[in-house]
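Each chain carries a letter (A, B, C and D) given by its place in the written order, and its residues are counted from 1.
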């Protein structure tokens, strides 16, 4: 049997989440999110983020949340500034463009982060009204390569955006991993204070599915339900999302799972280094990236599920990714490490 | 406590479905639908429909399935012919138009059905190349008012469409109710033979969520996954849909639940008539429509959850809807009937 | 040779317009509308409309102006209320839907006009957030069947729209015909005061091409150039539009031509009635509609160019349309009348 | 008075074109391009390109032609491969994305050209069905920086595209300049043979406006009129385009004007070099690019109209552009050269 480190959505839901779902199943609930579970889950999130006036909207998946939020927030001639390595710029089959908006790409480094000084030249160039108007900056925390924004970095971005008429939106598919990372110094309240909207990913941290979009900026809140419905993001049995997010946040389960996943990844990362493996980035979250010679890939294939990430700079090498999740055990990490070759 | 007849998506999933989901939760599965559950569920559906070359795609909800299929099948200048009372023309917040396509509406009667002779004048008028090109006929079975297409009717539509270069697509959000209705003489194989694509609704018949889109016409199959992903309709933990549809179809549970819901609705409909209530349509499926004086609505409100459907032709009257589902018990129907006033 | 009454865009431009174009040709002008001609033409229009803060934007054609304005003014979940007989709902190949917006149709009579009491039920029904949000009312003046809105009618519409959060937009492809009609009691200043935006059609009244969009509502003005460019509506040699509109408005040529066309149509309409022809509507502008037996159509075909408009209610009859323009001479009208049969 | 070298759309039309327009003005023509002028102009183009089955469509402007063609040719999940410096990727306000399609950018050099080896890695990466499907390669000839594709280069691109299921589309806004360039060895017939579609720009070479789109690939021809109308690209007085293109091509005027513009640019380029100016690229067409210290820009501003192109690599320097056209005289070039400083 092989060790599973392919991604953080290979298992269903944490048993507490599943059990809450089962319990709610035969109650008879109002549809479309107009139920007490969604209400309570939204309140928990608002409390946690210390933003009582935020609109909390539950959607089903990450790609969907990204394009629905962006389509809701922008006018047709407005564009999104994002890292070239961002999920919206790659693995979403052009969903943002399908809603009509251009992504203005920033060449990010391996860390996947962007900074004000990379945005400034875009703004300068796009004063020309023959180009799209930059209006929203999208970042991910954790980034697609597992890195996290520090409070200083997010504050700088936030201040720059506010000074320049830009909205700041955070893809939080792996927000749990970010928030519980040893490299993190942000609180959920900081996040709400510094951004216009962000989402809290359930899919990649112990829910069957579900993302909680927190729209902090009140100008962006009106009519959100209509566009959510239009874009297929309203679940008929909407309470299924509320039930899960209530289970995730009422006792800190969400952060507990994320912290565990991070710890397992850290153990794996340390073990790989000890075995002489070269890391692509030093990740403080639940994704571990290593640069391996292609010749040993069959040996890795034989013992675990993982993913090819991108070609490495060194010819004949590939960047590969291992991901841990709430379900990853210490014995899985240690078993994998002992099964992998020294390099 | 009130009787729940608001809709057929007020409960979670049938216990067998829930239990299958729970069992799969900790196995570790490949994402995005590339798992054995989806494969087996698709095979069950292909077998049942006797169309071994159909592409079976699992999506999350009905609105989403409608607009994703239509967007995948049409070119930008092509339009959809549908009943004015169709779900796509109303309660989907203009989702079809949001993907760029005009709906050419047919004034349908209370039954919500359309026929070739209503399509013909649209084709005639739209030979003018300054108008959109009609390309796809959308019907629902059961219709939004609970009626079903007979084999003769669907055959006539199908032949007309094929003779006129039109695709035929069936919104099957309540396909279970249609197929198990006493008024039905279609088989699943007939449906596959007579249409280009249709979907089998899980949400409204015992699944947590999920619709199985059956693309029969092979010209419409290529690249469907890409647009499904682009439009947010790919579930990361895709096996959750496969697990449910396997549970629904491996032992006939899907049809068993639908037949039960239909029987409960028939019992309710007969009871209402016996109490002197006036029906809006004589429904053979799980939706029951009655025309009631507005003055008695508070008394109905007091005993059950139901929905206002539309204003009735008679002034001071409203068409209201009761819906049964897999979870509706005989005692619920009889309890409701005894609690409702004579008219 | 046949008399030409097919439409009002069969001839190029009025000689004064052509001569102004020729004169400007070799001057060397700045592109994209940033030239003194556009500036002066916009000023002439603002003065004439007594709205010094209006944004006047020149576009190329009518379909383009309609969808560009609507796409600029609406959010993705918002819809347009319009007559079923409106140009945007028919002969624009679904252009409004192609920008993502649903048209909520009102069944208008032969006059093509709509009134607040027809809008009210749409607003009522669309309080349901599963339907698109009605946001803009589109009318045409003159309407597609040549009728004009009175000041009382437009005032009622305007007040209703403002009381209900609706924008009011006027398709003025034939605004010259409307404004100079004997049935008209509106001034250009009234139009500007009562609406959010409207356009003044050049194409159908003596220009080679060009429509002047007047955006009165200041909330709708920002960034309009960007969406105009995005949708292909910015002419590189933008001064060509300014030159034409300056020529049309500096000495009243626009209204002079429209008045002439109306007079020719009135002469034709009176003549047809005298010959026993049945009118479909009694048009006060430059379009004349008659109901004719299909059997005499070959005789009409033999003497003039005209258009079939729609099937008549009487079996075996068709509504046909004759259109006059700035170039139509009295001798054309009289010649046509003498060549047409008595009915 | 200042010398005008800002662009090639600062003057109206060549006198022969203007005169043909004036002559046609009062004839009375059928609208929407169904006239003999458009027919004859299309035939001239088909003959010149030796592709009798091509569909020749007249549109109004370049941005419009680009997005209309691309929207007509692609399915929603398909993307465009283009140079990062391409017009569609910049100065069209995201028009391609507004029709729903992502542009996959290639980092082109100063010459603005792309080659198969730059496309290959995109195809490799986009085998992943979570990314858009690359389907169309867009190039410009001349490129945005005035360079031309050789027959060898275009053949290589064409063969690569055909071997890989990619369409090849050429933005020919400056096709006249390309075809008459000393660096060119392509014929119009080569262009038709090697591509799926291309357009012949009128706006930038002596027409008031107008682009002739040549759709060579017959699979891409059906229904083009409908999408052209939908996207606002059908001119009501369509013959105005036919008249101009007939005037341009019946006696070789188009190429004569382009050759003249190229010669004027070559004279300017040689003169600048003789004055010690540094070129950004050695352009063989009607655009000349120089790298100048910012300190001398006021002196250039004082004597001519030109454009800033982009910041130069050298700090404190800017790339500027001079453009010649059919109207540029030798005396303008020599006058400008004598007015400019030595460097």
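By definition in this document, contacts are C-beta pairs under 8 Å (C-beta built on N, C-alpha and C of every residue); 3 or more make two chains touch, one makes a residue touch a chain.
Since the model is a prediction, treat every value here as computed from it, not as a measurement.
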Which chain pair shares more contacting C-beta pairs: A-D, or B-D? A-D
Greatest separation from subunit B - chain, by CA centre: D
Can you check how far apart subunit A and subunit D are, centre to centre, with Cα atoms defining each centre and the answer in Å? 42
Between subunit B and subunit D, the Cα-mean centres are separated in Å by 50
Two or more other chains touching the same residue: where does that happen in subunit B? 76-77, 92-94, 98-100, 129-130, 132, 226-227, 229-230
Given the complex with subunit C, which residues does subunit B contribute to the contact? 76-77, 79, 90-94, 97-103, 105, 128-132
Flag every residue of subunit B that touches subunit A in the complex, lowest number first. 4, 6-7, 9-13, 15, 18, 21-22, 24-31, 60-64, 67-68, 92-95, 98, 203-204, 208-209, 226-227, 229-237, 240, 327
Where on subunit B is subunit D touching in the complex? 32, 71-72, 75-77, 99-100, 129-130, 132-133, 223, 225-227, 229-230
